[in-house]
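Should a chain be cited, it is by its letter among A, B and C, assigned in written order, with residues numbered from 1 in that chain.
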Amino acid sequence: MAENKVQPKVFIKSDIIILIAAALAIIFAGLAYYLKLNSVLAFLTSAFAVALLASLVGRSVEQLGDRFGPGATGVLQSGLGNLPELFISIFALKAGLVAVVKAALVGSILSNLLLVLGLSFFVGGLKHGTQKLGSDRARTIVILMLLSVMALALPSVAHWIHTPAAPHEKSFSLIVSIVLLLLFLLYLPASLKRGKIGINSDKNIASEPRWPIWLAVGLLTIASLLAAFVSDWFVTALQPSMKALNISDAFAGLVIVAIAGNAIENVVGIQLAAKNQSEYAFSVILNSPLQIALLLAPLLVIISQVFGLSTLTLVFSPMLVTSLFVAILLAAFISFDGESNWLEGAALIAIYIIIATAFWWG
Amino acid sequence: MAENKVQPKVFIKSDIIILIAAALAIIFAGLAYYLKLNSVLAFLTSAFAVALLASLVGRSVEQLGDRFGPGATGVLQSGLGNLPELFISIFALKAGLVAVVKAALVGSILSNLLLVLGLSFFVGGLKHGTQKLGSDRARTIVILMLLSVMALALPSVAHWIHTPAAPHEKSFSLIVSIVLLLLFLLYLPASLKRGKIGINSDKNIASEPRWPIWLAVGLLTIASLLAAFVSDWFVTALQPSMKALNISDAFAGLVIVAIAGNAIENVVGIQLAAKNQSEYAFSVILNSPLQIALLLAPLLVIISQVFGLSTLTLVFSPMLVTSLFVAILLAAFISFDGESNWLEGAALIAIYIIIATAFWWG
Amino acid sequence: MAENKVQPKVFIKSDIIILIAAALAIIFAGLAYYLKLNSVLAFLTSAFAVALLASLVGRSVEQLGDRFGPGATGVLQSGLGNLPELFISIFALKAGLVAVVKAALVGSILSNLLLVLGLSFFVGGLKHGTQKLGSDRARTIVILMLLSVMALALPSVAHWIHTPAAPHEKSFSLIVSIVLLLLFLLYLPASLKRGKIGINSDKNIASEPRWPIWLAVGLLTIASLLAAFVSDWFVTALQPSMKALNISDAFAGLVIVAIAGNAIENVVGIQLAAKNQSEYAFSVILNSPLQIALLLAPLLVIISQVFGLSTLTLVFSPMLVTSLFVAILLAAFISFDGESNWLEGAALIAIYIIIATAFWWG
């Protein structure tokens, strides 16, 4: 974190605050982990540290992207933006917490599609009235989301109703994962070409100081490595602290891990909507669950089978699939509407609360 | 009903006919109830009387609204327009007919979304060709309908598949009800501001004579009180007459109670479509099921738990939820289409017939 | 097939190739059938012959339609275009292969909605970029498809969850079939009036030689009769060859029979998209599954009950209904989008592959 002092001019204020906060959070989380302090404290500090490191990864990628153009930024972000979530999931699979990982994957999608989208519509709508959503790009993302939710649902349905495919759960999940990854590869150039789909945007960076390349690469490497460590602490603290707080595994995965893992992107999306950049906000918010469905989930399925972790399949519980389906259908109709208002935002938040309630009882 | 003679000029012809018909229907229904006449006769007369009283409540509210502006009218109608349905449901819950109440709630939504919307598209389309639907307002209503159907479905799914939330059916339903009521409160000012969402419209009243305020308030009070009485008779006659006619409870609730309870609004909606006021018709027809889902159903859940009636939860049978879901999805796509034609109307009526058939066998 | 030599000028090159290929395929298939040759060979040649005969039926109908106007062509095509599929299904029902018929009906709808639509979007999109879809007409077809899928689903849901309607499976399916057929009759004049909904189009024929009427009628009669024979051979070879290839009944019906039965129409649709006639392609491709859902399936239900074949009901397995539902929902959102691109095409193909995989394991 020494770069902070060497090249102070390249950082804007918010960067410095995040760097300091991240350093403090990591120190506290490390102490809590190694000294075996109170598990709730360990959980909270490591969750906070993961969120801040995710934000640093995002900033470094932005700075690199500024150099290589928006296309490369998109590729980098697709690959690196979900790194912390990937680390958390791998450690959780190693610890045998398959149900938590499944709930967290679905929860990340739900929190983006319902809570974050709802908050951005609500805040944006109250401040600026009815807001336009970029039609073409948004619709393509929504259709890909719809497709991937359905692709995730099919192995689950096959399992529930014991079709002849049910005993082949692992192979079926693997095939679905490969198809989804192929689709992601096809989607990648389209998203790069269109430029704006990535989280990065030239407008945001233009007026900011530029980091030297060694700083961006260095910070990216360090933040990613630290994210891997802290993710381990986070997963270790998760179960005892949830037990201490009397929170069910499903709720922990669906709500707490999901919100912690996406905290920064979520804040960005809502801020953009508040600034009346509704099209851009919509794109940022929807792009995150799309990457989870098309990239992260398939990748975890393949990794878990290849590296012999607790096997992750795409068989989710009926309640998770129902929730996903409800979320994507609502989001689809709202985005096909082409406009958002605060009432639609409130509706999305309402259904998120109802779904979270459904998972509250352990 | 003495006002009829005192101030004859304030009533238009249709009012006088409804007043006389209502008086006659009430007398017959009362006789059938107290003299324990044939239950089918008692059922038919009381159903007729409820429908006519519902219409009188509607007219009184319109007249009051004329005085207080369209905003207040909307509030009044939201609160009072569903009074007869509320009375019927409360008496039915008191009589332990929980399944009938559930079927009637779903049936009211279905008959509006499929049968009445279908008839209005069919009649309007045959008379005037392709008709435009008011896009923005209609879409907001459709999205709120979609949301509320999904909110009603989640406790049902939790119950069917025995999630950990299933034993907490009552609390879960209560939380969902509170969330839906809050959403209704948020929706209320929006619907008032836009003015046209309510059933009332200035155009309709402008040319009509205005009732003195004491007459409107008096008629409203009397009609509401009478509606409470007649609802009791209706519920009492319901079961024996259904048994006499060999009609299943589910079919009685879903089709017969639902159509009787919404008869007048339904006729109004279809008439508007026939007059080529398709946007207004669409708004009137969709507003009614929205109030049932966002206001009436949650209110009944809370009332049943607070006042110790037979407990109403939001756990519906899979067939009811499937039917609801089919209905709202079709209605959503048809309304997002932005236009209606007679063939879409026929399609909606066709699916209503198929759903009603599914509940025919007892 | 002697007409080939008598009036060579009336045929365009592709007709002659199809005639010769069909003659050869029929001869081989007949030999394989009567000499009890290898079942896989018999299956392949008869599948090929059925596809070519279907194409000849289509051409004859086009030529007749040229004489009687686009309206009559539509009627003829609705009635005759699905003849080979009707024959195959009847022979399969006679042979007791109810599961294969059900899978083939669903598979025909799926292959059109997902595979063929996907290929046409993919090819058209790669060649011509974003393509417009005819909004009004396409949306009406999509809404009717959605409705018919839901109508087919209701008897299935009633069966799965053992509602009181479940034991009345046959009557319920019969009523649904009659309602769907009535809707088809209502849809017929609308589709004729609009002219372009049918597979035929004046543009395509204008520049081609016209067949004498006796030739068109004669070829239609002969091709239809031969189609009936060859369908029998096809069904006879189906089971042993599937066993020899170790392919499950469900996969055979869903994928192989479905693609063989719709081969020609499929090629036409994709060719049109490649020629940038995307609106027309969309209409051709969607019209085929609509006829299966509104005409062929209901007709087969009625025929099976009237003629005492193995009874076909509209109770499908949950996996088939889920697949149908997924397909129509994706197709609906994509067509309401109003535009198509190659990525949406890839998404449709991806979900088709996933669904086919789900049925691969026997």
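Criterion: a residue touches a chain if its C-beta (ideal position, glycine included) is under 8 Å from a C-beta of that chain, and two chains touch if they have at least 3 such contacts.
Quantities reported herein were computed from a predicted structural model and do not represent experimental measurements.
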Interface residue overlap between copies chain A and chain B, same or different (over half shared): different
Fitted rotation between chain A and its twin chain C in degrees, CA, nearest 5: 120
Inter-centroid spacing, chain B versus chain A (mean Cα positions, whole Å): 42
Interface hub residues of chain C, defined as touching at least two other chains: 336
Chain C-touching residues of chain A, taken from the complex the two chains share: 136, 139-140, 142-144, 146-147, 150-151, 153-155, 157-158, 161, 163-165, 167-168, 172, 175-176, 179-180, 182-183, 186-187, 190, 332, 336
Chain A contact footprint on chain C (complex, rising order): 130, 248, 250, 317-319, 322-323, 326, 329-330, 333-334, 336-337, 339, 341, 343-344, 346-348, 350-351, 353-355, 357-362
